[in-house]
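Listed below are the structures to be examined.
Next come two complexes built around chain A: one with chain B, the other with chain C.
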Partner chain A sequence: MPPKSVADLRVAALISVGKHPSSGRARRADQDARAVEMGLGLAPGGLEVIHAGNPNETVLRDYAGMGLNKLKVIEQSADADVVPALSEYLSDDCPDIVLTGVRAESGESSGMMAYLLGEKLGLPVVTRIAEIRAITDGQAEVLQALPRGQRRAVRVALPFIASVDSAAAPARQSAYGPAMRAELEADSRGIEIKDEVRAGWEENPARKRPKRLKVVKAKTAADRFKAATAKATGDGGTVMRDETPAEKAKAIFDLLVEEGVLR
Partner chain B sequence: MILDSLIPVLLVLALVLAAAGMLKRINLWRAGQPEKVNLIAGLMAMPRRYLVDLHHVVERDKYISKTHVATAGGFVLSMVLILAVYLFGLQSQLLSYALLGATALMFMGAFFVWKRRRNPPARLSKGPWMRLPKSLLMFSATFFIATLPAAGILPEAFGGLVLALILTAGIVWGLSELVFGMAWGGPMKHAFAGALHLAFHRRPERFGGGRSTGLKAVDLKADKLGVDKPTDFKWNQLLGFDACVQCGKCEAMCPAFAAGQPLNPKKLIQDMVVGLAGGSDAKFAGSPYPGIEVGKAQGGPDQSITGGLVSPDTLWSCTTCRACVEECPMMIEHVDAIVDMRRFLSLEKGQTPNKGAETLENLIATDNPNGFNPGNRTNWAADQNLRLMSDVKQADVLFWVSDGAFDMRSQRILRAFVKVLKAANVDFAILGDEERDSGDVARRLGDDATFQGLAQRNIEVLQKYKFKTLVTTDPHAFHCIKNEYPELYPAGSAVDYQVMHHTTFINELVKNGRLQLSAHKGGTVTYHDPCYLGRYNGEYDSPRELLASLGIQLAEMERSGFRSRCCGGGGGAPIIDIPGERRIADMRMAEIREVGAETVAVGCQQCTAMLEGVVEPRAEVKDIAEMVADALVEEVA
Partner chain C sequence: MSDDIIRRDPRAEWIARNRLHPLHDAMKQAGAAEVRGPSGLIRRNPHAVGFIGPNGIKRIDRLNGNSQAGGSRRAAAKTVDLPLHRVETPDYYIAVVPDLIGGRLTAHDKDVLGQAHQLVSAAGGAGAVLTIVFGDIREDSFDKSGVDRLMQFSGEQFEGYAPEARIAALEHIEKSLAPKFWLFPDSVAAGFELGCRLAARLDERPLTQAWQVGPETTLCRGAGGSSDITRPTQRLLLLAPECANPIDETRHEALAMEAVELGATEGKLSDLGQVAVDPNSVALGEAEFILSAGNGVSNWDNFHRAAELLGATEGGSRVVVDDGHMPRFRQVGASGTWVTARVYVAVGISGAVQHLQGIGQCDKVVAVNTDIGCDMVKRAALSVIDDGDEVLTELMKLVQEYRQLEVTDAA
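On to the complex of A and B.
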């Protein structure tokens, strides 16, 4: 573990109920568990693990088995939009770092949580992080995970929200004894907003689509290796390094207008 | 004569000190967790357990068995007579002669102990144990000589002061080793602790020809799960550790030790003794854990065992093959202790090493160790046209398929067994996707919560259907369902079926004339006893009878039957995979090669996987079900 110097750092990890890919059974969600693992490494004493949902969900104890004495459960019914409740809770006494998984394994699984919370709380969002390497002078040195094992180092000022990628350190084993003895502290005082939009949706299991056959052109093992590891080279696009922030912002703004995102 | 007045004083002194030491020792044991035993019945049963059950184990080594009878018998008799003659002053020539006889007998025994110790095999501990035969000789010789005058063979005051002094020195030596040392941790401690261990053994079912091999369930509601400190063991487990005679029979049998993995069951038990009494292992004078130096380990009754006394790697090297337990003349339960300590690591610390944690997670989420979709459990039988219990509700036989369903090699065994069942027109059905892993691996990895969860859900399913016999090709599932599930049946319900291994079942079919078999074709065959069928369940005969009815004359390996060597596949050992110098499966294959076998018959898919993992050239590995299926004489309709 690299030194995470700040002694009184406060970290919140948001956890959800996962879903096992082959059995579909409820489980500790992989990325959320990695977020808890990261939180334990950063601030073993100042970590708060929060779930918005059903306080009687036993699977939550699988997170507690990682060595947590207490889980905070903000009571929400199954059809609630948990963002308002979570942002209300977090804004009250905002932690330095809020960690989530990139995408939930069940429910909408939209991957929007980090962004929506960031918007509500007015915090910067760092996506898909693999590691927080150090925290100095109120700034965190963060490694973002890019495809093919690449990493990007960024610095971000506290407080911020980060979504934890599957490339982050795997979660430790959950131990049954501590899991069963941990306290699930239910909190039912918060607001609860029904997710009206979602209520109108109909859910179907995804259809398996035929996969496009990959034609391997490489003739040698070296070629195949290169094909598998080479940097994805996007066509078009420009890398702006030396321009002023204003110029960079202008370029992004123009692109968004061009693509019709902003009108 | 001075001796006449000195001996009673020495005796009283030795006895008082011994009594004090015994009380102290008893208190060390009592620091363990409570466990109900029947004190009176245990003590009453002790002589029989010693003379019959223990002797049965010791008898495997004729030399030491005879030697021990002479030495121990001679000593007990001498001691009784010494007390009568010297302490209570019963003067009779007859008694004196009897004492002469007893000490002579003891001397003879001690002589042979000494002889064996002149060039001791590596498994025996040295140190104080090398002193013991001399102390025995000294005790018997001095009391023999001291008694000669009383028997009227030598004149009173023979030898004068010089002899009296020499005899006094000898008596002091003898009494300190044999009486005082018994209570204060000398080699003779084994007599005191061993006798009580027999009386208060945690598995009294083992005596009188019985068998008790199922692990005991963890109370999942307890404040602490598993064993962290020596005092977390049950008190009679601590007592059991203290009974060890450091004979090293367990060490000589342990496959992990032979493979150079950091485990030696004898050292482990001695480390438990260090733990319960407090101190270091510096005085241990036997073989170390391979690769770990002796003298560095520290422990105490209230110190965490894995925090400096025993490395977790030692605990995870064990294949739970039970070879040590089978061999131990003191009836010590190594496997119970090892799994107890694993339980703490898994359930409290979340420290199941290597692939262990992943396996447990899979078992929890998918009911099988490799994380396959539980809905694919019956895919192997897509072309077999098998009946499902959920459809038929009852059948004569329930075929417990086990996780072999997910493994292509094991599926060949399953299909072969189905072919045999069909050939014999057995009315059978399977559970299909309602079946789950038996929980064997989870339990041996110390995760009793997952084991109990799997077992309870399996039991619920089993209770839904009616069948007379449950048959499985997997000895691990066989052991769990037969020996470990009954404890978990809900109160008020009971097991109403018998559990059989497929070799037993097929053998019965053959005996009842329901199968026509042709002779086996091919070269020499040997048979590898799976630990969980043999030592765990005592089934050595059926597989052999069955092979004989295929016309096979087995070329038996030296390590076979109750002395069979593990394939290395049990106890989650291949999942944890603690490195050693050799692989257990390779050692076993070498033994198979030694008897010139072209085929090794097995009765377990785990053994099949382990032995087939050995690089070629090697003997062909075949499950008995496959051999029988090949030899079926199909009736021409």
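On to the complex of A and C.
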């Protein structure tokens, strides 16, 4: 449950323009929308949603339709590096929690932004969070999403930067009316630094990656035949036959403990 | 000219014909390779072909020693003679930081090591692949995966979630050894996070989701996997799965390098440990630990209790799902789910081909079965020949004791 006790908590959610995986159309980026959703749950009053880019982008209205009154847009051209502008903006008056997605759906999508901001602002970075459980005495307890559906609790001191995983609560629907009524506040005073390294890159639609072939390195026809037809067999495991059930159970138990799956 | 004249030995021919001659056996043994008939043609004795098998029937090996029994013996011998790749005094290092999930190299890690060796051969000179691991290791084939040097950081500060301590260690290596390349697996596990953190710390621009790395340019996936970016190769690479073929034709030294003692780093993050998740809420395809039931299970309450106590996700074979003991989405196998568990415990499953296909990616398989000859026993790392319900009951007792011991230790 989001903590209700912290009344004056200030949260910033950084949003980007997403890209639909199959149609390729611009959309509300999934993880960024989840970050906004998490921010709305944490501090409905103190949430500031920030975008660095083109203020006339219509997709931003999809975020606004989640019930935001205002969106802050730091004006940047398409070929700009947004990290200096964002770090300058955030360093002026740093919020308690900065939420981003793990990886953008367009552009380089390197996933570096949270770390670069953390390094510039000197804030700790927590990655792939699924939930913020509690905030007490300037310390937040967050749940990290691990592979295989596992979760890990991490304690971090405020202020911090967190990237929101796809395992976080799904974003609410965007409503058209509030989206149209919301105010898009454009700010063109910030610095703008061109990303010159990127200008030298060549970008094409993704080629299909060649599938890795299963090469059988057999010298004789008999070996090749065996490789094609053999059933999966392990390399000779231990077989326990005449022991008592208790001894057999102990052997299984030891294996489970050794593998670290028994918690 | 003299080669064309066939020299006959009438005495030898006479001894060969006369089975009662005292020299007949010795003569047959010596001349088994080639016997000339009266017309000068080579005669083969069909009675001398093959050998008498264990049950007294003559067997003829038409595979010339390539049959299954001989094949496995030869395979065991083959693993020994992989050539050893030796780097005496490295000119430079290529640092690889594997995920090492559960203390073992993943397939992705092995691909990254293969990529490291490709970079060494492209750059030339005596380059060593330095692998940096944190915490405990259970891997025993570092040498066959292409590790020239191994540096292990162990200690309490590197256990669990400790990105700050790990980055401090990597930063130290950067200062002392200055590796030519830093390679990380771009995976959901620790690789991506460590790579990004190190890149931000060293102020390097990493290549993310790189899948075709050349000495000059690299192809990376961008825009959430929907575009390919061709860009110059940089020092720090986060590699996509299957970026290169793993090493399989050489052995490597895997020499341990002394890790420097680093003082405790003052971190802003503290790990509170993993949180218990309802194992049955985890999708079967990505569960880490599966307890699977087959036709040999009769006491279902017992089975469900065991799964709950062990903290394992439940699975089942086709038979039990068809019989209605489990829902369809719990079925493991060709028409169900292909699972990727690290530990798979099969209780009362004999192992149909379709089921064995479904567990093809599992690391450790434990079989509990009454039939010693079944296919699951052949696949398993540990097989227990007994009734499934009895073994599960005993196992539950052990786990309960273990849990109580932990509670008293904590208190």
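Going forward, the second predicted complex is superposed on the first by the 206 of 263 C-alpha atoms of A that agree within 3 Å, B and C clash if a C-alpha of one lies under 4 Å from a C-alpha of the other, contacts with A are read in each partner's own complex, and residues count from 1 in each chain.
Simple rule for what comes next: a contact is a pair of C-beta atoms (placed from the backbone, for glycine too) under 8 Å apart; a residue touches a chain by one contact, two chains touch by 3 or more.
Bear in mind that the values here come from a model prediction, so they are computed numbers and not experimental data.
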More chain A residues in contact - chain B or chain C: C
Partner chain(s) touched by A:Ser23 [first = chain B, second = chain C, both, neither]: first
Partner chain in contact with A:Glu48 - chain B first, chain C second, else both or neither: neither
Chain B versus chain C as contact partner of A:Asp32, first or second or both or neither: neither
Touched partner set for A:Ala175, first chain B, second chain C, both or neither: first
Which of chain B and chain C A:Glu131 touches, first, second, both or neither: neither
Partner chain in contact with A:Gly65 - chain B first, chain C second, else both or neither: first
Residues on chain A lying within both footprints (that of chain B and that of chain C): none
Residues on chain A engaged by chain C in the complex (per definition of touch): 18-19, 21, 24, 103-112, 115-116, 118-119, 124-128, 141, 143-144, 146-157, 160, 197, 200-207, 209, 212, 220, 222-223, 226, 231-234, 237-241, 245-246, 248-253, 255-263
List of chain A residues in touch with chain B within their complex: 20, 22-23, 25, 27, 65-67, 172-178, 180
Residues of chain B that touch chain A when the two form their complex: 220, 224-225, 346-352, 357, 360-361, 364-367, 371-375, 447, 449-450
Contact set on chain C toward chain A in their complex: 63, 66-68, 71, 102, 138, 161, 188-189, 192-193, 196-197, 199-201, 205-206, 208-209, 211, 221-232, 242, 245, 268-277, 281-283, 286-289, 310-312, 342-343, 345, 353, 356-357, 360, 364-366, 368, 372, 375, 377-387, 390-395, 397-399, 402
